[in-house]
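Labels for the chains are A, B, C and D, by order of writing; each one numbers its residues from 1.
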Amino acid sequence: MPIRTLVWGENIHENTNDVVRGIYPRGMHAAIADLLSQDANIVAETTTMQEPEHGVTEEKLARTDVLIWWGHKDHGGVDDAIVERVAKRVWAGMGLIVLHSGHHSKIFKKLMGTPANLHWREAGERERLWVVNPGHPIAKGLPRYFELENEEMYGEPFSVPEPLETVFVSWFQGGEIFRSGLTYRRGAGNVFYFRPGHETYPTYHDATVGQVLRNAVNWAYNSESHQEILTAPNTPVDKAIEAIVERGGKLTSHPKGV
Amino acid sequence: MPIRTLVWGENIHENTNDVVRGIYPRGMHAAIADLLSQDANIVAETTTMQEPEHGVTEEKLARTDVLIWWGHKDHGGVDDAIVERVAKRVWAGMGLIVLHSGHHSKIFKKLMGTPANLHWREAGERERLWVVNPGHPIAKGLPRYFELENEEMYGEPFSVPEPLETVFVSWFQGGEIFRSGLTYRRGAGNVFYFRPGHETYPTYHDATVGQVLRNAVNWAYNSESHQEILTAPNTPVDKAIEAIVERGGKLTSHPKGV
Amino acid sequence: MPIRTLVWGENIHENTNDVVRGIYPRGMHAAIADLLSQDANIVAETTTMQEPEHGVTEEKLARTDVLIWWGHKDHGGVDDAIVERVAKRVWAGMGLIVLHSGHHSKIFKKLMGTPANLHWREAGERERLWVVNPGHPIAKGLPRYFELENEEMYGEPFSVPEPLETVFVSWFQGGEIFRSGLTYRRGAGNVFYFRPGHETYPTYHDATVGQVLRNAVNWAYNSESHQEILTAPNTPVDKAIEAIVERGGKLTSHPKGV
Amino acid sequence: MPIRTLVWGENIHENTNDVVRGIYPRGMHAAIADLLSQDANIVAETTTMQEPEHGVTEEKLARTDVLIWWGHKDHGGVDDAIVERVAKRVWAGMGLIVLHSGHHSKIFKKLMGTPANLHWREAGERERLWVVNPGHPIAKGLPRYFELENEEMYGEPFSVPEPLETVFVSWFQGGEIFRSGLTYRRGAGNVFYFRPGHETYPTYHDATVGQVLRNAVNWAYNSESHQEILTAPNTPVDKAIEAIVERGGKLTSHPKGV
């Protein structure tokens, strides 16, 4: 069964900026979905911030295996309840791939527990991504490095937790470096941050970027759902696996929950 | 200069439950502070949820090196703005030690990016904490294992991110295990979760628990403040370290921030 | 294409100890291969220490995707050259699953860089393995915990490096705990240590243990070979990606290599 | 009590190459020790490969808290027994800082469990080290980045295990990046790899490099010795913490050890 992937696009600059519209006439989300569709194992749908419930209804999330998130201009406009909903799906096992300026999205900051800051420069300079972890599934089939002739620079420190694994590190023409491919697990959900993708450059028309995204979807996919991660159940004393006798002081009630 | 440590107590059960009051007549926070004060390198103050701004004013946080957090009954009653304030101090370098039922506190869940769920049983059963990382600073001077004759059980899965290091794992009489000492870094702040400490048992009168807490304060202490982690500055093109020429499309404005 | 899996058995106790022979009349390796063969995606072969080159010739390793290693009585009898050969295949991408007393095998200690010590007791006591990472591929389809009524006890500290992820933690009847499922990557090779499997108990006839092993083979499999990890090539100055001019002092020769 | 630090120098190029001798007339080890001695908390001694037992006798190791290792030309000439001896001291708690070409030393490869390969170029190009983990003790007091105008290039992939934490990442003029400050724990011993230090450049006369090394010594120091990590003791059944009765089959003997 193919991996049901939902590409979420903020879809603002495509409608307000001629440069962006010129590069992505159908929206950045459509270009990303095109890259994914080259993998017969992936079925890619798109949605945008402007749709009801930002396009991520409970029902749509329930049939999404991997969510891809690109946002930049209006992170603050994403409803907190929707962010909480997405987080719960990730904890229960949905994969999440956060792209470029999505580092400042509410969902990414919520899952990291950090501000996810960095320093930046929009100069169309050269970025070269080095594979530092060639055996990682996300690096499958890639060359030792690949270049994007025009990209926005992101510089360290990138205030995110130490990742499970670092897959890519970027070299920038202006003198900076950046850890540009990082993996995490949050609950049962796999999370991948991938740096490139500034809206004024044709990054999502790049074949190698496409390979990375397809690899990431396959890596992030989890065939199981783990709703139990959202609960904190009591185990009654008389149901203890090894027989025990209740002792000591006790509170009358003991509330737990998500 | 000693490590300025602030012990935050929820301070509810001490005033509403006779068992808890009997064990901690001056409050759990006072007992914890007593344990810390046995280290000449630590100066421990206490505060409680009932004080103005829950006792964690900007001014008090600014002169706190390490914050210890015990809460249980009213996590929801902690103001979101205070939680955000504490998080910013952690990101900038303040140490944070979260105790027992604090796993469900807003500040811990915010820093973890996960629900921090588990399963539990209040039966006063035996807990045995094994040191799995004897070279870790938090295990300094400890025996191979230590026991708490009466404790609440917490069982896995504990839905937190994979830690930097696991220091303790607990054995429970009723048949469960739990990763009961976990380290994290969030921004420049060191975070330690330590499991024991149910309010109806005398855990914070235990000498070995005291040693763990003193070790944890010394480990979590960071002498430097890193306010810059809270910002996402632009690096102008003409200030690039290596000379570059601006190229490609550009957005007019590009907002960043915490 | 199925995953070509080679089960390596030390095959000594099966021939010298009646208890072991009674449980594993065709050898432990055969029982393990039987468990693997329940997965249509796995083709399992076996070999033993007594075969020429301990059964792991260059040729056989070259067509092995995942190697499973069980040894106990004669770790020292395994030829160092064979250990080096296996390590090279792991670094280039072969998966390796080390079982039980294999923690003291030369290959495991070599890949860990630590003594991999622990404390132990052979009393046929109950072991209960808890899944602490339910979203991990190795935990797929498993219950929250599973029991082995008779097992050897291994106790912490287990002197191995902090793993990428901890999948299982064991509870023992006699009062100990153990991190019993740990993942690592070494070069391009995935490594999984799985604790159970003492030769005098029927552990490799257990259905849940079989599920863990099948999951582990699927997880450890890497479809790519990365021989380049075994080399340390020079990049000549005139082949630098960004044009540079040679400067400063220089050594005449500069040897590198594995 | 100050941290007793031993700087180990291979001390070959200083005696055979005029460029190296010109920069380090008393040897690289002496220059490194000079940098360390600026910290009143460190007492730095030096030794070289040419001394009896390569200068690392049992007795000298026993009174060493942190060992710093620089080697390049003759890794193969270091006696295996000495390497094993150093590894045991690290496992028991001695800190180890491996510099530059020491990535290919026997002791580093042994502790990593990987070939520690990379690609390289000797062109005296500019290296810029970025602090990616500003709250880490090894980054204390450092600027956001620092430069070495002439250094050898090391390029990724660096085949080492995923570190506990990445502290520095280097930018190279010729287009490469490298994870140039990595932390590990092996047994009770803290291990830090620091990239810069090619012998034909004055890297160990650089003030910021000195600050990094002093920070690293303070970080790596472990006041406790953990000889027990070198053993794998049996816990007799009648000494089990929780009373158990021996059951099931049993081997007659059960050898364990380092």
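Miscellaneous remarks
Keep in mind that, in the parts below, contacts are C-beta pairs under 8 Å (C-beta built on N, C-alpha and C of every residue); 3 or more make two chains touch, one makes a residue touch a chain.
In this text, all values refer to a predicted model and were calculated from it rather than measured experimentally.
Comparing the centres of all chains, each the average of its CA atoms, the largest separation from chain A belongs to D.
A separation of 27 Å divides the Cα centre of chain A from that of chain B. Averaged Cα coordinates give chain B a centre that lies 31 Å from the centre of chain D. Averaged C-alpha coordinates put the centre of chain A at 36 Å from the centre of chain D. Across the assembly, chain B contributes 128, 133-134, 155, 157, 162, 164-165, 175-176, 185, 187, 229, 241 as residues in contact with two or more other chains. Chain contacts in this assembly form a complete graph, since each chain touches every other chain. Those residues of chain D whose C-beta lies close enough to touch chain A in the complex are 128, 130-134, 144, 155-158, 162, 164-166, 169-172, 175-177, 179. Against chain A, in their complex, chain B makes its touches with residues 13, 17, 19-20, 23, 73, 91, 104, 110-115, 117-125, 150, 153, 155, 157, 159, 161-162, 164, 173-176, 184-187, 199-201, 229-237, 240-242, 244-252, 254-258. On the side of chain D, the complex with chain B involves touching residues 93, 128, 133-137, 140-141, 145, 164-165, 185, 187-190, 222-224, 226, 228-229, 241.
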